[in-house]
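Chain IDs A, B, C and D follow the sequence of writing; residue 1 opens each chain.
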Amino acid sequence: MTAAAAPRKAPKINRIGLDLEPYRGLKTTLCAGCGHNSISERIVECFFEMGIDPTQVIKLSGIGCSSKSPAYFLGMSHGFNSVHGRMPSVGTGAVLANKDLLALGVTGDGDTASIGIGQYVHLMRRNLPIVYIIEDNGCYGLTKGQFSATADLGSTLKTGIANDLPPIDTCSLAIQLGATYVARSFSGDKKQLQAVFKGAMGHRGTSVIDVISPCVTFNDHHGSTRSYQYVRDNRTDLQTIGFVPHFDEIHVENGFAPGSVREIEMHDGSKLRLEKLEEDYDPGDRLRAIERVETAAEKGQVLTGVFYVNTEKPNFIDLLNLDDTPIARLPQSRLRPESAALDEVMEELA
Amino acid sequence: MTAAAAPRKAPKINRIGLDLEPYRGLKTTLCAGCGHNSISERIVECFFEMGIDPTQVIKLSGIGCSSKSPAYFLGMSHGFNSVHGRMPSVGTGAVLANKDLLALGVTGDGDTASIGIGQYVHLMRRNLPIVYIIEDNGCYGLTKGQFSATADLGSTLKTGIANDLPPIDTCSLAIQLGATYVARSFSGDKKQLQAVFKGAMGHRGTSVIDVISPCVTFNDHHGSTRSYQYVRDNRTDLQTIGFVPHFDEIHVENGFAPGSVREIEMHDGSKLRLEKLEEDYDPGDRLRAIERVETAAEKGQVLTGVFYVNTEKPNFIDLLNLDDTPIARLPQSRLRPESAALDEVMEELA
Amino acid sequence: MATVDVFAPGEALAPTSREVVNDFSIQVATVNGSGSQSANLILLRALFQMGIPVSGKNLFPSNIAGLPTWYTIRAGKHGFVGRKKEIDFLVAMNPETAREDVINLDPGAAVLYDEPLNLKALRSDVHFYAAPFDKLVAPLAPPKFRKLVRNIIYDGVLAYLLGIELEEVRKALFKQFASKLKAAEMNWAAAQAGFSWAQENLEKADPFRLERMNENQGKIIIEGNAAAALGAVFGGVGVISWYPITPSSSLAEAAQDYLKRFRIDKQSGKATFAVIQAEDELASIGMAIGAGWAGARAMTTTAGPGISLMSEFVGLAHFAEIPVVLIDVQRMGPSTGLPTRTSQGDLLSSATLSHGDTMHPLLIPANPQECFEFAARSFDIAERLQAPIFVMLDLDLGMNYWMSEKFEYPAWEMDRGKVLSAEDIEALQGDWGRYRDVDGDGIPYRTLPGVGHPQAAYFTRGTGHNAEAGYSEREDDWTENLDRLKKKMIAARKLLPKPVVRDNEKAKVGFIAAGTSDDAVSESRDQLARGWSLETAYCRVRGFPFSDLTGEFIARYERIYVVDQNRDGQLHMLLRRQFPEFHDRLSSICYYGGMPLDARTVTDAIVEREGL
Amino acid sequence: MATVDVFAPGEALAPTSREVVNDFSIQVATVNGSGSQSANLILLRALFQMGIPVSGKNLFPSNIAGLPTWYTIRAGKHGFVGRKKEIDFLVAMNPETAREDVINLDPGAAVLYDEPLNLKALRSDVHFYAAPFDKLVAPLAPPKFRKLVRNIIYDGVLAYLLGIELEEVRKALFKQFASKLKAAEMNWAAAQAGFSWAQENLEKADPFRLERMNENQGKIIIEGNAAAALGAVFGGVGVISWYPITPSSSLAEAAQDYLKRFRIDKQSGKATFAVIQAEDELASIGMAIGAGWAGARAMTTTAGPGISLMSEFVGLAHFAEIPVVLIDVQRMGPSTGLPTRTSQGDLLSSATLSHGDTMHPLLIPANPQECFEFAARSFDIAERLQAPIFVMLDLDLGMNYWMSEKFEYPAWEMDRGKVLSAEDIEALQGDWGRYRDVDGDGIPYRTLPGVGHPQAAYFTRGTGHNAEAGYSEREDDWTENLDRLKKKMIAARKLLPKPVVRDNEKAKVGFIAAGTSDDAVSESRDQLARGWSLETAYCRVRGFPFSDLTGEFIARYERIYVVDQNRDGQLHMLLRRQFPEFHDRLSSICYYGGMPLDARTVTDAIVEREGL
């Protein structure tokens, strides 16, 4: 059993004066070595390092090993482990009720792409401000390893049976349908994961991060395309990703070759620094992004990086033009119209 | 009220000796002028002209004006008007039970892209042999005109309210997810519709045909992108489409400019003849197809044509390696193993 | 087995001297999509303005245009305006149904028909009036408007035949076409033309007549859906997530309209609400639950198929104790059933929706006032109980026009339930448990996300948990939690509206009914008392689980008839479940034909069962 | 309030001379994912092979690895092998739970534990044996296998302490590791090492002992899920569409394995079945319905949350009259609840699933034989009735190991129901109606798509229809159809398995129970007769709607206790609904802690209620 442990070199106190403890959760009950545990650790670190008030975060999930993990980080945040595949709607409702909260959805590939693909598709369309992390192991961990809808063609179960249906690529779907921050990463890559998560935390729109997260118990064998080994052997990085937090203008995390870096300013003022590894890749070009992701899938590449960012598009809360005070905090006087209003209607109907 | 009427010049008796009558259905109860009625007429004609035995066809639908329409064609075929948005699963089960039947799904954009998008996505992955026609009016006809998930950005309701969520493009989704015959057409274009339908009828895999089909009652006004007028003004054809039925090798429907025509042989031996209007468009190139469809959407073009065809990919029935006799027709002797089999198991467990 | 005196069928008809004033039914048979709705509403309003108790019920097909539709107006001088089984005055405009419509009339009825239909030949025991609508409409409107204007002509003809004051027709008409003055003028001309033509060409022979009364002072006319929508708005709803489905769509749409009108800040233009058309019912209930969890007053609207789809999520809300309101406008099931017919068929499935042991409170309004009040109160109850609450309308109540007293402004303080603030948590020094039964009523305390105290957070889940909201598979945690939930639901009774009890010292027989059965039962009691000297008592339940008062009512009467608008006697079943000791007093009367329940159906059943 | 005689707590313990032979419980407390499952199954099999009636129940957490798990073996020489509430012999391998496990023991129990846990100090009134498992395992296996092999050692130690024949351990072990000979050898060495070590180091002090009997001739050991899977295979299932969910997944997976083995043509390699893992439960039931409609024997498997999700579709199948089988392996709800705990909590929701008036037949097996038979028969019943049929297993039955008689080969002809062939249609000259009640039993005739006759087609829909399957909104069509459906469901009783009735002339008290309550009730009857001289009768219902025989049983006894494994007494409710006249005879005993029901819980309740 691994607790969602602290990073070694993290400063003791963050910019809002908290130490790491408030960012931790309960001891994990996932298998030792499960990729999901590493992701939990990164979440703890990122929220701590960004100095986000954990009481202003909500954690949302469906059902699965991955969906259990919110219990293992951010113990000071309200959490909602809902029903299988339908977390997007619960998250949408919660954000509508209180738009000031940072919504963090953590779910599995089965939860998202099998039972949940309908709600996922519609979530993308709305560009709801939410950080949506898919802990993608290509299988149903909690029900003992059956294929999920992200399993690759030809990938095998422990029994040797091969998957014969094409996978759903949650990233290309997200880009196509309207999400505005879309990335893929790997549970084993601490640095990339941190940068990608932090970028998402500063984005006010739908962020999808598909994290390849091997299931050591059911899907880490030879023949699986979601094993640690397979990812290491087939990984292709689109960019080297750096991150400059909004509260730390000077600090530059990476020495980038001048000119090859693209800097994207997120809604919170932080900057995502993408050092291009593929010459002309432009994360602002929706169609190119889809094409690149789909090509990778066809070639069996595990492509990681920030595929698409659009900080211009209005999010769902913008579209609704909500009052500055979150609905959940409005007092009776603002929720119940005056009696004159009722009189007016009664008059019309008389 | 318009009955699903016969084409004027159709021959009286088709190649299996039937006249048009057995292909007709009940009198329509849809609004006069509804695009769906035209589609019903085309279905009647195509099945008649192709000489398909209507008793070997099943008609499947969800709920909506469009989903009612199977009552108005092919009266000799068994029909199943199921529940809202979940026709794909019903169709899948029916085809599994009897793989020899030609499955014709007729549904709406609300049925498919709103409530039904989850089942739609998974249907595409399976490449189940089915002809899936979306009667796409961008709204919910039967519940009085609300936006569906295919409504274009900025398209307005009769009340003037504009849609502010991006549409789901059912065609690019279908191509991306594994469908093997994907086209878009227009209820008002008799010739194109016939060719596209007939091509699908000869294909043994998932055929998706998104037919723009204006709702005259709720979505045919100025400001709507699904009105007859808008389609006429913004339509772009990818190809001119001809069709040579498998039983009629000599007959060539169109005089094509030599060299510019691509001929695709369908599973039933019929040939789809695509006269390219866009120079280098290749309906076999999955990624190009997605890109072209998405580009059209961005430009506000109503792009019609056969976007993608793949006659090589195994369909779901192939993958299951089913017995030649459909499951539904197997006698008891083939369904119940011998008693020796039970003895064997009992022995193991003793 | 009719219970009202009728002519012997087929008997020829002489002009009658017997007058029937202000207590009969008018049915207009047309085709949907033909614009007859306006003409019918004008008629309804004109009667209303004349001070006559009245209701209007639309019987429409589940399609958009071209199929038969019947609009029925019931005038009821004694205040009984429930559906009358017999049609007294038929306006036959639809060639497709005219024959059958006429044949189904009782002798003595009257028919106004479109001349070419030539209905007169069909029988000799009803009064016929033929009007040449096409001829009349031609000079009144250019061809493209004629279809609509044509219908207004029958308003004019009826005004003459029935004695509707033309001035009231005019007022109603201009109200109807308020935003389209041109159309109003054209239609007013049509009404007048109908009237004049009738005056000159028809001779009144039937007994039906309307005359001014003074019953409608201070009253309004409204559909139950609009009333419930208003209730939600004045109840402080924050998030509505819904998916279109007949007969509930107009509720969400009306709510959205009222919210836009009253809940957008005049200065900033910003909204204190969100109305979301979700992609389906699983999403709409999920959004409402998420919003309720995060502290907004949240609701969803739907009908039977949606209730079924929401089943898993409602179990979650019940078990994780999340306030949320579901308004179910019931239509005829099972399955897609008859989407445009009314029923009370979801009582049972709603009361115990979802797998496992569950129970959900129901509020069952019977009229627009209760729609308004119960919708508003449902949020208080949901937040107090931290549970899903069902408001059970039906198509008859929701989509038809009802007279009503004006709604009273909700003067009560909203009850936001047991919510701990940051100060509360501080005072408790963090020693609180999300699912502890502190007050002994089974209702725990909750915190809202974002409240900001470091000890405020808890983890919400549909899996087993202990009093501290910690995950638990322990036998004792589980059973204690389930016991508390049961206790809470029993406590719910006190929060629900009490039954309306009409005791009767002379009675041995009592009725129990709910919702829209009220009109029919009330009128039936009158019929039974006057026609058969049978005195009855009546208890109209308005909430489930039932109040103890309902049990006491049952104890007071020997034989209780439970009236249900469903096949299996669902209200009867729920009553027997809660009051098993009275099982042999409770018998069941079920109507499930999809029409609004009428008094005669109830009376016939009682007459038979009581051997009268 | 224990009902078995026990030591006074805390009393010190002397080696006992009282012997308890072949009637006690052994519990092994480990951690899941640690491979203890093999060791436990070997133990179970060894006892089975010794001819001792036995059962094995796994209590596991809802996660994959690292959390506490308890495996309980019950030996019952009188044939009662239901769960025993008290643990007699504990094997304490899990440091996390060892303290609590030991504290919860009754005095006189015995404990074998891992030496470093040092449990001996905890109390003096139980027998302790410490074994140094780490030390013992070291020479037996290389480090990476030690975790697994370690567990087999306790098998050896127990063999010595309890008198399990080592040869039977060997046989069981080699059967368990049949495909891995190397592993078998290594583990066999471990078992022997445990035995030898115990022989040399432990002194037997507790009273529990096993000895050979001759009760298991011709019997098998199997989980209910595997039995039901076999039933489906031999019942001729054609299409299985399912979605993984505990505790039903292993049913679908077992069915797939058996189908691959027995239903693929040896020559062609082609399959006479399709098993589809669907994307969710809405899809899995939809596929099954589509397949049933098109003529295949179709089923889906699920648990509570899936039942809720299937609600709308099941209403469609009911109303459109489509044969389909749903196997619900019940787990503890509501909501996600306790996925790895057993319950009978879906009886009510399944029986009336979906909105509107519905009713669905349930089959409720109590043992593997019935799992097999009912699963096979369910297709006959579904096709005969043209309706969804529920087979209600539960986690205890489905996932635990049960002894059983060998299954009888289904010799009966499959009943494919009222299906018209092309010849039939020809003979009728096309004069048939899909929903006509030709035979007066409410069951209509259907045709299968593709049958090929030009007059065979009909249109299936969830909307209102007449006897000819034409769309209809008519009141009379609707009510006639609903009446016929009700008639059909009443007719269903005859097709369902009859109750198993154990009359008792000396008894005034009777039990009614269903499913896995059987073991506990049977043993409780024995306890009551022997301990309190209370004679009881017993009716085990096996189908809903209930047989008339059940009503007659109720009529014969004064007081009937209905035993339910849910909070709200769902079986009790359904019985009261069908037999309201007997409501005051029926009282309810509910257990809902999630463990398999045990006899003592039932006995305690009866002793209290009967004032014994």
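Note that contacts are C-beta pairs under 8 Å (C-beta built on N, C-alpha and C of every residue); 3 or more make two chains touch, one makes a residue touch a chain.
All values reported here derive from a predicted model rather than from experimental measurement.
S.K.: Determine which of the two chain pairs, B-D or B-C, is joined by the larger number of C-beta pairs in contact.
M.R.: When B-C is set beside B-D, the one with more contacts is B-D.
S.K.: Could you tell me which chain lies farthest from chain B when each chain's centre is the average position of its Cα atoms?
M.R.: Between chain B and the rest, the longest centre separation is with D.
S.K.: Return the distance between the CA-based centres of chain B and chain D, expressed in whole Å.
M.R.: 44
S.K.: What is the distance, in whole Å, between the centres of chain A and chain D, each centre taken as the mean of its C-alpha atoms?
M.R.: Roughly 40 Å separates the two chain centres.
S.K.: Of all residues in chain C, which are in touch with two or more distinct other chains?
M.R.: 62, 279-280, 305, 312, 316, 335-336, 461-463
S.K.: Mind pulling the chain A residues that touch 2 or more other chains?
M.R.: Residues 83, 114-115, 117-119, 122, 149 of chain A each touch two or more of the other chains.
S.K.: What part of chain B is in contact with chain A in the complex they form?
M.R.: 114-119, 121-122, 125-126, 149, 164-166, 168-169, 172-173, 176-178, 286-287, 290-291, 294-295, 298, 319
S.K.: Spell out the residues on chain C that touch chain B in their complex, using ranges where they run on.
M.R.: Residue list for chain C touching chain B: 33, 62-67, 243-246, 249, 277, 279-281, 305, 335-336.
S.K.: Mind pulling up the chain A residues that touch chain C in the complex?
M.R.: 22, 53-56, 58, 60, 70-71, 75-83, 86, 88-98, 100-101, 118-119, 122, 320-330, 332, 334-337, 339, 341-343, 345-346, 349-350
S.K.: Which stretch or stretches of chain C touch chain D in the complex?
M.R.: 61-62, 304-305, 307-309, 311-312, 315-316, 318-320, 332-341, 343, 345-346, 348-350, 352, 354-359, 461-464, 473, 475-476, 478-479, 482-483, 486, 566-568, 570, 573, 576-577, 580-581, 583-584, 592-595
S.K.: State the interface residues of chain A toward chain D in the complex, per the touch definition above.
M.R.: My answer: residues 1, 29-32, 63, 65, 68, 83-85, 114-115, 117, 140-144, 146-147, 149, 217.
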